[in-house]
Each structure stands twice: as C-alpha cells, then as structure tokens.
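One chain, chain A, links the two complexes that follow: it is found with chain B in the first and with chain C in the second.
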Partner chain A sequence: MRRSRFTWLPILLIIALLLILPKLVSEYRLNLVITMMIYSIFALSYNMLFGQGGLLSFGHAAYFGFGAYATVILIKHFSLSLPMGILIGGLAGAFLGVTFGVFVVRMRGVSFALLTLAFNQLIYVTAEKWRTVTGGEDGIAFMRPNLHLGGWEIDLWATLNWYYFVLLVTVICIGCLWYLTLTPLGRLNLCMRENEERASFIGFNTYASRLLIYTLAGFFAGVAGGLAAAFQEFVTTTFINLDKATDVLMMTFIGGGGTFFGPVIGACALTLVNDLLSSWIERWAIVQGGLFILLVLYAPNGLSGIYLSLREQWDKRKRGEQPS
Partner chain B sequence: MLALSDVNTYYDNSHILHDVSLQVKSGETVALLGRNGVGKTTTMRTIMGLTPARRGRIRFKDKDIERWKPYQIARAGIGFVPEERWIFPTLTVHQNLLIGLKSEPYASNQGLEPWSLEKCYDTFPSLKKRQFAKGGTLSGGEQQMLTIARTLVGNPELILIDEPTEGLAPKIVDVVAEVIQTIARQGISVLLVEQKLSIALELADRIYVISKGMIQWHGTPEQLRSSEEVRKSYLEV
Partner chain C sequence: MSRSGILLDIQGLYKDFRGVEVINNLTLCVRKGERHAIIGPNGAGKTTFFNLITGRYTPSRGTISFEGRPISGMAPHRINRMGISRSFQITNIFPGLSVLENIRSAILSKKGIRWSFRRRVSAMADVNRETLDVLKLIGLDTQHHLLAGSLDYGAQRALEIGISLATDPKMIMLDEPTAGMSIEETRDIVSMIDRTTKGKALLIIEHDMDVVFSLADTISVIHYGTVLASGPPDVISNDPKVKEAYLGEDKAC
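Right, the complex of A and B next:
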C-alpha cells in the first residue's frame, strides 16, 4: 500500500468540494453522489479483505444486507433514531462477520471464495423465505426518521440535509478505515497477505487477527447497508443477492485494491457508468460487463493502478530516464 | 534452555527426522551441521511449530512446546531467522522492523539490555541508511540483516538461524558472522544451521552433525577439527 506520498491537500479539497456541491449540481446529481458515498464505504470495507488481506470474497453482500435489514426493522418497530439504527446496522454486520468468520478465515483461495458465497446464499435464502420478518421479495418499506439533536429537529427527508448526513457518516467511516491501515493490525493484514507463515513465527496469532479484520469489514459493510436502506427507505432481497456481492467486487477491482482510495474511485466510476449507460441503452449491463473485461485484461491494478504507473513514468521522464 | 528428545517429524508419509535429540544451554551457541537435505531446516521448522513433530518432546524453559502454535512459540521467546530471508518486500525496512516489535514483553530477558529499534539501527548502520526503502529492493546481505534485526527486536532468548551465509558474497559472510557473535555476546542463545564448516567452527561452542535425519555425532569444534573421519563421512562432499 502506498502512503509515502500521501498529502492532506487533495483530501481537504475534495471534502471542501463535497461541502459546496449542493450549490453546484441538481438534486438528481446530488442523489447520485449520495449513492457513490455509500458504495465507497461498502467497497472500502471489502478492500480490507480483497486488497489489503488478499482474500477474494463472493459473500460481502451478506453483511451489507444484514445491516440494512437490522437498521430498517429496528427503526420501524422500535422507533430508533437514524444514527442509532445505522450503528446497529454496523453492529449486526459485525455480529454476522464474527459468526461466519469463525469458519471462513480458516480457508484460503478457492475454498474461501466458495464458502463466503455459500454463506451469502444462506442469508439470501433466509431473507427470501422468512416472510414474516423480512417481507420476502416484497421487502420492507419505512420512513427515514428525522434527526433530533438537542432541541433541534432536522428534516432528513429533504435531500440537502440527508446529503450532509451521509457525507458526515462517510467521512467518519473513511477516516476510521484509513486509521486502521496505520495500526499494527492494518500492517499485519498486509503481512498475512504476503505470507501468513512469516507473520505467525514472528509471534502473531494470524487466525485471531484475520477474524478481527473480517469482523471489522462486516461492521463497515453493515453501516453501508444501513445507509443504503435509509436512502431508499426500503430494503429487499436485492440488498443481499449475488449481484450485490459481485458489484462490490467489481467496484474494488475497477478502482484498484492496491491503494487505499482505489475502491472509492471504483465505487464512483461504476455508479456513474451505470447511470450514464442506463439512460442511453436498455442493455447497459452488457457494456458494463465489457468494460470490466477490458480492465481485467489490460489494467489488472484498476484505475488507481493506471494512475500510479502513469505517474511513475512521468517521474522517470522528469529524472531524465528512459520510460520503461 | 532448549532440549529436543527423540523428535520424529514427517512430511505427509515421508519420515524426515528420526529420533533427533539435541540441547542448547543458556547463553550457548550451538551449530547444526550437515549436507543438503539431511533435515537441518526441518529441525528448525519443527522447533518453531511450523512442521510439528509427530513424536518426541521439545522443552523450552521447562515447558513442553511440541504442540504449541508458531505464534505461541515465538511469544515464549524463540526467534526464527529462516534461510529464505522472509522479509515483507512491499513494506519499508522500518515497517518490517515495526512488525517484529512485540507489543508486550513476551520474553523476560533477564538482566539484558532489550533490543530497541535504535539499538538495531546502531548495530546495522546499513539498515538505518535504507530505512525508508522497500524490503524487496534490498540486496541479499541487507535482507539477511533485516531478517536478523526483525527477529532481535522481538527480544528472543533463543534465536534459530538457518544458513545465514547462503548465497552471500564472502565479504558479507564475514559481516554476518560478526553479527552472530555480537548476538551471542549479548547472552542470547543461538542455534545455527550451517553448511560451511569454517563458520560453524569459528562461532559455535558445540556442534551437532546430522545426516539422513539422524544426529550422527556431537562435540566441540576442537574435537571436530581433529576428527577427520566425521568430517569425511558426513560433511565434506
């Protein structure tokens, strides 16, 4: 993971831009940016496993969906506040993460991928069949509650307020995920990707560490799921299906798992491409699939990988060396 | 400090170590000598729990560790410097060392000055110069230093070093030998696996000779020097 050339300036500029964005774009575009932010959290949580941990999961939608259902059901039936509902969505994702993690983090490679897929389908089928709780394929609709802060009541139904709420949660989540990469646990995650045996004889309990990482990834996926459900004021089995599980994989891959912010780029790019394509042609998924194939073939490190290699060539040229 | 008794290790069905018994006393440097493929590395992997013994006992500081996991053995105070110099190539030298630091005092290093990052950089000035370089860009000798330094910051009481001079230029070999002597002078016990007889004779207090997974001989460097028969049958090619 690159962080040597990390500077705060671009980050602050992007946050400043996001703060004034409602002045610049239409409500429709603002909703698109909200979608991007939510998927950014989801993709970053996935990248803890994929990019940093070297684990290919086909079941990350389970935690997203489980968090979404938990948020909706608790807000609807127990009148929880929205922040509390989303936090509980995260905790639900973490709970599911630790429960399944006990089994899946023992596995590597193909076994890991298949077992995560199986667990995802288990949750999917449960959500589909347990109609009394989940509403089956019809899902559950609910109203996004207003936010009470002391004596203030903020109307979250208004797109502008809701946008700032999602922005705040996103910044907090990305900040936490960034901080995690700087902790010993974050470094250990990279080491285990490179060689687990090495990490073990230096004195790390790799099983427990992987389980903790898997649980944290479940937490942030659950938060993203809770936000997504509150955004759509609706949750259904499409939150857990295989499309969702592969969407997050595609976002992370397209953006590039090798850098911290790659998945954010991927989440934004895929959301944008889907939006553009679906307004042009009906069979937009074919084009999306084609683009994905091109990236896998010609840019296996994703968009951020293309950027890094361009910058490397640029640096070399500046130093007067031959570009490789 | 460390005692193996009648240790038998298998890779699947092939029997590698046959009733291996050896001891490393506190503060001692012991060399394990032998030709290629006779079980030297397997002995180390067995002690470390990476390839656990099927039968036999391994005692370390009055505890039976033969069923422990590698991380438990590492925390109990055994450091391992593998032959492959398993550094983390995408992390910087400094990050590689940070990984080796133990967050709690696993090993109580009685009366010894603990190995801090500063002390490591003092001992290995070449690492200090390259502390922000990626591990994968280091030369073989520097990688060897880094692996040793990373093990030392974990403050082990016993350090297992597997063929540290393999593939290094003669000048670097001398540096590595000097480092091992420094470690030994600090009071850390050393179990050294070597193919080069001269290095083992120079560094070790006692020597075990292994062949075909069995300990064939043990004694002091002086005894080995004078015993041409042992050298001829088990060591020289």
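Right, the complex of A and C next:
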C-alpha cells in the first residue's frame, strides 16, 4: 500500500541524473558509481531472501563469485561477447542456486544461516584449491571484450562507454527485480515471510516456491558477479570470501530490507563510506563495524526505516496542525 | 448408508506420538453439504484429528479419503487444492501484510495463479474483484488497507475464516472459530459462518454448545481419540454415554 505514494517521477529523475552524470563528475567518481550500481544489483538479489523472504543467508557471495568465475572463464576460453558472458554468469548463479537451494530452503532460521555459510565456504575452498581452473589465490585476469552491435564496435575499455553499459544492465536488472515483487510469486514471497505454514494450507507449494526464489536470487547475484569481474577485469577468491558474504548483508541491513530500494541506499552508502574512510583512516573497517553496530541497536530497519519513521512523524505533525 | 454422497471418509484412523495414542481407531464420514460439529473434552484429540486430515501430521494407521481418493500423508498444499480448507484455533494469518493481501493470496492460489510472471497482481481485475467480494462477505471491506496484525481480535478471527473461505473449498474445517470471543463477537461470527459456508460441507470443532446447535445438523463426540457417538443434535444431547463422558465433565461452556 505504501508504494502507491511512490510515483514514477523520482525514478525518472534519478535515471536522468545518471544519464548526464558523466558530464558532472570526474572519472574517479564515475567508477565509484559503477561500483554502487553493481552492488545495488547484488544487494537487491540478497533482499529477495532477506527482506522479502525473511531468510538470513550468510552465503550469498557464493552465487556472486560463481557467476564472476563463470563469466571470466567462459569469455576467456570461448571468446564470448560481454553481454553473453554476463548472462552466463547469471545462469551459473541460478544453477548453483538451484543446486544448493534443494538443501538450504528446507531449513529455517539458524540452520538456514549455517548451511548457506557452509556452502559458501565449500565454493570458496574450491576456488582456492582448484588452481588449474580458477588460478587459486592469484585469480584470473582477462580483457573486457568490446561490444559489437550490428556493424558497430563499442570500446568498453573507455570508462564512459563502460559506465553506460553497466547503467543499462543495472536498470534492466532492477526493473526485473521490482516487477518480480509485484507478480504472484513476489507477493507469495512476502506471505511466506509472514507465515509460511499458512501459505501451504491455502494451497501454495512453499518448498518449490522458496526454491524458485532462491534460484532467481542466485541468478541476479551471478549477474552482479559477472559485472564486477568485468569491471575489475579480474576475478579472485575475494569475490567469494566471507567478507563479500557479510558485505551484502550489511548493505541490505544498513539500507533496510523492508523497502524495495533500501538495499540500493545501503549499497551506495557502504561504497561511499568505504571510499571516504579508507583514504582517511587505515583501519576503517573498525569504524564501519561500529556504524553497523549502532544501526543494529538503534535503527533495525536501516536508513530507509529511519526515513519512513521520520516521514510518519512528519505526517502526524502535519495532520495535528491542520485537522481537516 | 449410500457411499455416493460421502465427501470425506475416514476409516480406522490411528495417530501416536512416541507411543501415546492420541487418535485411536477413529472412523467418521462427512457427506456433501453436511454441517458436522466435532465436540469433546479438552485433550480428546480434536485438533490432532484436524491436523491429520489437512496434512500437518501423517496418520500412523488408517485411511482418509476425500471424494473417493486417498489423501492421508499428502502435503498440506495438495490437500488444499483437492478442496479442503481449514482455519486454526490460534489465529494464523499474514500479520505484516494488508487485510486485502491476506485474502488475495488465497484467491490467487484458488485460481492457480502461483508462479505466473505475465501480469502484476494489482492489474488482475478478476482477482481483485473476487478479493473484494470475500472482504465484503466477512465484513472487512472497509478495513482492507490495514495491516492484518493491527486488527482487533474479533476481526482477525473473521479474517482467519475469510482466508480459508477464499480458496473456495468443497469442505471447510473450522477449529474453534469463536475461541476467546465475546458474546456479541460470537453471534456475529456464527451468522457470518452460517452465511458464507452455505452449500459447502462444514466440519467445525466447537466448545460453545449454542454455536454447535445453531450451526450443525450432525454432531460427533470425540473422547480419548475415538468417536463416542455420532448423530443428529437431539439424539446426541440425549445420549447417556455422551452425558457421562462429555457434558458431565466439561459443562462450563
């Protein structure tokens, strides 16, 4: 119901701003925005499980990393185009999602969290040890291929072109994720968060539905991973490690899982804070951890939750002043 | 008795929990359109009996058939799709979603719209119209935008029944729908149940004998996990076994 207030205008304004952004900011800042967009997709895919589904996963980096490796390895060995490589990254994430999902979506609460963590570590250790394929800790470097559209060749190495490419993929992904929340499956996800047992007693196969949602979350995490690898022209075990798994949790939590765009705010905030603090303070991770603790204690619904409660208070005051 | 009119057929049902027999050789039939009340003292196994029919538990022994097809051991969602819908003794709704969404989810399920991606739910005119019809039927149409968890107790109980009704079952099972309600709330909900379940088979667990007599045409008394007596209300109320086992001990309601 809350979304009814949410008109298209702010979205169009933000997209317009993003379109003219290269005129406004430096290349360094543009790269920062690219990072924000990629992490936005990652955090939104995570929020399908966390905010919308009520499942706390500690292993979402597995799908991000698996997608990244798939994109890099396939582009390198089969000279795929970049869109195809990223799509395959998504499909790899979905494949891993359905494979692990068969086991994890049976679980709830602590068991779910621990099993996702265990599967994440499984993929992490595999990437670290299977050197012939993954390059171990050294990772794999590759060249971001150019984009061929009809007779045109677009140089994606140029930051400007690459920025627009990532923007396009991000808008498509976020659009799909948003639309998904409005479809029957997206509404069912909320029902299962609220009361999974009741959902099954009105005729929904909650296990299969959870599995499908888990797979879709894996797909979008894989797309984000593929994009991130193409951005850095490199993939290594840091794409799958626990830091990555907790980063996405933090982004979602900081932004707030209760609203659709909360995780986007979190992804932007964390990227920005990391960038600012890391140039000022050597041990910025401590500050980041401190901020996170403060949010958990005093704003459990994240930044978007703070915004919503402020708006509610504002509304109340306005109504109080001018009773109609 | 003719087998043709029988909707639900339960034969020799047993359920034990770690050696404790909660349901013990229970046999019971529900005909099409029958209004069947289940009564019995606390701990007699009434809710366990409901849980066995609706797939929350698997029977230890015995058969449950619905429209001639065995359903014992099936998953709850499959049993619901065959036409059995239930409400719960402890209010079991989607508290963080709007009242409208609570009912709409059941309507979507009934229509088999579960994983469709073609349209937004808000654009499905037929779904939303049917949702509104159910909301009017249970008297919550003016409160459709409120969060279900914020409703008062009586309204939550009505919503609970509304969710069960919205899947348009052939048989509806209500587990103590008036539990914890005031006299006025009870009167309202009973007339609502009577209105909304017309033509459907109704299986209702109830302690309040006024409610039982106003809704049911058949009463079965469950005692120690088995059916002690079954028949029309006037026969049951004069049955000496029933008086001794049930009415004698637990007349408080």
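Convention: the second predicted complex is superposed on the first by the 318 of 324 C-alpha atoms of A that agree within 3 Å, B and C clash if a C-alpha of one lies under 4 Å from a C-alpha of the other, contacts with A are read in each partner's own complex, and residues count from 1 in each chain.
The criterion applied here is as follows: a contact is a pair of C-beta atoms (placed from the backbone, for glycine too) under 8 Å apart; a residue touches a chain by one contact, two chains touch by 3 or more.
Keep in mind that what you see is a predicted model, and the values were worked out from it rather than measured.
Q: After the match on chain A, would you call chain B and chain C a fit or a clash?
A: Pair status: clash.
Q: Quick one: is A:Ala224 in contact with chain B, with chain C, with both, or with neither? Answer first, second, both or neither.
A: After superposition on chain A, A:Ala224 lies in contact with neither partner.
Q: Once chain A of both complexes is superposed, is A:Thr183 in touch with chain B (first), chain C (second), both, or neither?
A: second
Q: By the touch definition at the top of the document, which applies to A:Ile202: first (chain B), second (chain C), both, or neither?
A: both
Q: So, does A:Ile254 touch the first partner chain B, the second partner chain C, both, or neither?
A: Neither partner.
Q: Residues of chain A touched by chain B versus by chain C: which partner has the larger set?
A: On the superposition, C touches more of the residues of chain A.
Q: Could you say whether A:Leu212 touches chain B, chain C, both of them, or neither, answering first, second, both or neither?
A: Only chain C is touched by A:Leu212; chain B is not.
Q: For chain A, what residues appear in both contact lists, the one with chain B and the one with chain C?
A: 1, 184, 187-188, 190-191, 194-195, 197-206
Q: Which residues of chain C touch chain A once you look at their complex with the stated criterion?
A: Contacts found on chain C: 54, 75-77, 80-81, 85-86, 88, 92-98, 101, 104-106, 108-110, 113-117, 119-122, 145, 163-164, 166-167.
Q: Provide the residue numbers of chain A that touch chain B in the complex, in ascending order.
A: Per the touch definition, chain A meets chain B at residues 1, 4, 184, 187-188, 190-191, 194-195, 197-206.
Q: For a test of understanding, state which residues of chain B touch chain A in their complex under the given definition.
A: Against chain A, the touching part of chain B is residues 48-50, 69-71, 73-75, 80, 82, 86, 88-91, 95, 98-100, 102-103, 106, 132, 150-151, 154.
Q: Report the residues of chain A in contact with chain C in the complex, numbered from low to high.
A: 1, 179-180, 182-185, 187-188, 190-191, 193-195, 197-206, 209, 212
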